[in-house]
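Two complexes follow with chain A in common, the first pairing it with chain B and the second with chain C.
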Partner chain A sequence: MYHPTVARLTYRGLLGRRRALVLFALPALLLVISAVLRVFVGADDDTARNVLGGFALATMVPLIGVVAGTGAIGPEIDDGSVVYLLAKPVKRHTVILTKLIVAIGVTVALSAIPTLIAGYLLNGNSQQIAVAYAAAAAIASVAYSAIFLLLGTVTRHAVVAGLVYALVWESLFGSLIAGARTLSVQQWALALAQRIGADGAVTAEVGLPVALTLLVAVTVGATWFAGHKLRTLSIAGEE
Partner chain B sequence: MTTLTIDNVSRWFGNVVAVNDISMTVGPGITGLLGPNGAGKSTLINMMGGFLAPSTGTVTLDGQVVWRNEQVYRRIGVVPEREAMYDFLTGREFVLANAELHGLGAKEAQRALATVEMEYAQNRRIDTYSKGMRQRVKMASALVHDPSVLLLDEPFNGMDPRQRMQLMELLRGMGAEGRTVLFSSHILEEVEQLAAHIEVVVAGRHAASGDFRKIRRLMTDRPHRYVVRSSDDRALAAALIADPSTSGIEVDVKEGALRVQAVDFDRFTALLPRVARAHGIRLFTVSPADESLESVFSYLVAA
Partner chain C sequence: MAPAQDVIHNIGYRNYAGARLGRAYARRALFSQSLRGAYGLGRSAKSKVLPMTLFGVMCVPAAIMVAVTVTAKLSKLPLEYTRYAIVLQAVIGLFLAAQAPQSVSRDLRFKTIPLYFSRPIERVDYVVAKFAAMASALFVLTATPLLILYVGALLAKLDFAAQTKGFAQGLVSVVLLSFLFAGLGLVVAALTPRRGFGVAGVIALLMISYGAVSTLQAIALDRDTTDAIAWFGLFSPVTVVDGVQTAFLSATSAFPGHHGPSTGQGVVYLAVLLALIAGSYGLLMRRYRKAGL
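What follows is the complex of A and B.
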């Protein structure tokens, strides 16, 4: 179910392209903001919550998820080099699962770990805020990677579609329509953060059992469907 | 001995029919798939390679359906026309990755690189390669698992004459070993040099199949049309129509030219200057009106 060669090609493709700059720029920005706030504002739980919830989890994690998830397969399908993967006796679901593992690895490493460090910088993990948001970022990374990998498999405009989902659906509709919050990866991740953090440190709109069920369902469903799409992917050629 | 069978295959994209009810069998040896650009050759090769589902009909490899069957790639090697190929890797890394995806290793990758004579540049990144070098590395990636079927889409595009000769030699060797090699081309001479057996595709239809020489003769023997301008069109017309090598002449007064249809190509081309000279007529223009590959091919469809 995991192919080391597919993983190596994916990993090098992801970090070798220009868009990889976004992957490193956002966590760097988070760490700079956190360090500056600590120096000028001092250790403060509200500031930590605002930065980790408002920037790290709401913006940085989905953006990194978009770049890593769609970038794990989209460019290969766009330029046709995926033909070298498809012309091999390797199961399509193995290709997708391997790419998902790489996308999750990159997203977790570049979002959850910086979130944890930023949390310690901001308030020294008071009320477990740093750990809670880092865990939320990690679990959100899994779901985002699966969703955006699927988008990279089904559409050539995966980055745009991913950004619309991450920014318009999760942020805009999430703040306007209560129902949209139930169908938001961010809220599912916050449910986990709420459980880990001290009482009242983090609030979520969805209960943990529902959140975990939806997270697993979306991740498994998106991954299965991406594998299915890859099995029936047509290469139209130059004509 | 592996045989690829295309059975009543059609493929359409929306309202456009790219491949129209084609049946053919590709057996051991070299087969040239000839047709003008846009004839449906790539679509056909993509279906043979299992990268595209036929809208109707089936493509089978020794009885096994090719579409959605990744196990066929143990026996098929594919050289796609597209350029993109993990440009951030070196040639060696690329061929090794292809070997590993087949469950093979560095030994097989090295052998394939040696076969295409690319060992000298194997440690350079692919994005620094010339088109011919890229083509050879693509070949190496397709040969790494020693396939019994090799499908190549326009393999000679962008190659210089020396590289072309080299690749032809390689393919001849593979054909002689009993492998099934199919390559597409829109250049008659390319196919002529390499394949004794050809399949001609025009506008999505299977126009001709068989021995190259027979098909070449069909192409030469078709009626040829010429536009001729001379110092005395009417006198020339009268003299030409008396010979059985022409089947029709129109005096186009508006254009000031003759439109000649010749049925015997060799005889007519010898006759025209002779007749003109005998009658003291000066020839200003003699130009073929339908020498494009497309019109040659469309004649084959009608034949």
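What follows is the complex of A and C.
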């Protein structure tokens, strides 16, 4: 179910040349902000929660997820070179699963690890905030990668669709309609963070069992459906 | 006429003898094509969906506000003209992210750039035409809802002088915003021939800088270091526009606690804004020095 050559090509496609710049710029910015805040504000739990919850988990993780998830398959479908991959005797589900593993690896490496470091920079992991948010970032990375990989196979405007989900659904509807928060990857990840962090350090809208069930269901469902879409993919010309 | 002696086969090729429309015409054509393309006009129905939807999303809140103003007989509009684009910045950002790569990335990917430059246009014509087209597209997107608000305000018989002044200030602010966003979006989009990466790059530039700036501003407000709030605003395109209009166009700042820049800081904001526009023009000119490579 894992194909090393596909993995290598996907990895090169994601982190080759200038593309890595977008992916590396975000964690670098987070670390710079954290370092600056530590120097000028000092260690403070509220600041850490603001930065890790408001910037790292709400903005950085979805963006890296969009770029890595759609970037793992979107450009190949877009320029038609995916036919050379599909013509090889490799199962479509294997292709998707391999690409998902690479996307998850890249997203976790570029979001969870910087979040952990930023957390230690900001308040030295007091109240377990750094570990909690890093775990949340890691688990959110898995779900985001699967969702956005699916979007990459479904639509040519995968990046825009992914951003609309990440920005409009999670931020706008999430803040207006309480029910929408139950269906938000960010809140599911926060539920895990709530369990890990000290009492009251992190608040989530969803209970942990529901969150984990939904996370697993969405990840597995999206991956299966992406494999299914790839089996029935029609290569359309440039519109 | 008898065929010339030294011709073996004359299969009837003829030279073009009509009028040559020249460089200015080519530049105008490129401008109008790019502007129409930004809204999907002259392209497939599928590519009209996204820009037209975003255009609709941009206009609907204005129409609702007008309806509320008229029916509830409010004495002023629920939202200032200058504030409108700031509130709906996510829509503008998405439009730019979707359409700026559409405008330039595909020329790079399909290597049509050398074909453009085999025509009488020069590098500067291409850059100016694309820049102006993107800025105009953004201006249409941001000024139409303002026009709806203005017409609605006049229909609701609000004070004519005050509304006209607010509308004019709003227009100046969206002109600045259009040029700034168009420049930044095109610079990022022109870096990559892959449309997807262009989209992600543009949105990352806008959202990440805004996310970082507002996080820092919120912390500064918490810490009562309100002087810092205005200075942080210099590091994100939206907050730069917000700062300029707060300082010079009597807008209410969207910064936390309404701690907008003073007039002195406003000069810095304006300088940064103009430098960003000029800088993105310069970068685009540089980018197309080795066009198609």
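Operating definition for what follows: the second predicted complex is superposed on the first by the 232 of 239 C-alpha atoms of A that agree within 3 Å, B and C clash if a C-alpha of one lies under 4 Å from a C-alpha of the other, contacts with A are read in each partner's own complex, and residues count from 1 in each chain.
Rule of thumb we're sticking to: contacts are C-beta pairs under 8 Å (C-beta built on N, C-alpha and C of every residue); 3 or more make two chains touch, one makes a residue touch a chain.
Predicted model only: the values in this text are computed from it and were never measured.
A.B. asks: Based on the superposition on chain A, does the combination of chain B and chain C result in a clash or a fit?
C.D. replies: After superposition on chain A, chain B vs chain C: fit, no clash.
A.B. asks: So in the superposed three-chain picture, is A:D79 touching just chain B, just chain C, both, or none of them (first/second/both/neither)?
C.D. replies: both
A.B. asks: In the overlay, answer first, second, both or neither for which of chain B and chain C A:A158 touches.
C.D. replies: After superposition on chain A, A:A158 lies in contact with chain C alone.
A.B. asks: One more residue to check, A:T47. First (chain B), second (chain C), both or neither?
C.D. replies: In the superposed model, A:T47 contacts chain C only, not chain B.
A.B. asks: After the superposition on chain A, what angle is formed at the C-alpha centre of chain A by the C-alpha centres of chain B and chain C, rounded to the nearest 10 degrees?
C.D. replies: So the angle at the centre of chain A is 70 degrees.
A.B. asks: Applying the touch criterion given at the start, work out whether A:T232 contacts chain B, chain C, both or neither, answering first, second, both or neither.
C.D. replies: The answer is first: A:T232 touches chain B but not chain C.
A.B. asks: Between chain B and chain C, once the two complexes are placed on the common chain, what is the minimum CA to CA distance in Å?
C.D. replies: So the smallest C-alpha to C-alpha spacing between these two chains is 6 Å.
A.B. asks: Please write out, lowest number first, the residues of chain A touched by both chain B and chain C across the two complexes.
C.D. replies: Shared contact residues on chain A: 79, 238-239.
A.B. asks: Could you pull out which chain B residues touch chain A in their complex?
C.D. replies: For this pair, the touching residues of chain B are 13, 18, 37-38, 40-43, 45-46, 49-53, 68, 70-71, 73-74, 76-78, 80-82, 84-86, 88-89, 97-98, 100-103, 141, 153.
A.B. asks: Going by the contact rule at the top, pick out the chain A residues touching chain B in the complex.
C.D. replies: Against chain B, the touching part of chain A is residues 3-6, 8-9, 12-13, 16-17, 79-81, 83-92, 231-239.
A.B. asks: Mind pulling up the chain C residues that touch chain A in the complex?
C.D. replies: 43-44, 46-47, 50, 90, 94, 97-98, 106, 109-110, 191-192, 194-197, 199-201, 203-204, 207-208, 211-212, 214-216, 218-219, 222-223
A.B. asks: Can you list the residues on chain A that touch chain C in the complex?
C.D. replies: 18-19, 22, 25-26, 29, 33, 37, 41, 46-47, 50-51, 54-55, 58-60, 63, 66-67, 70-71, 74-75, 78-79, 157-160, 163-164, 167-168, 172, 238-239
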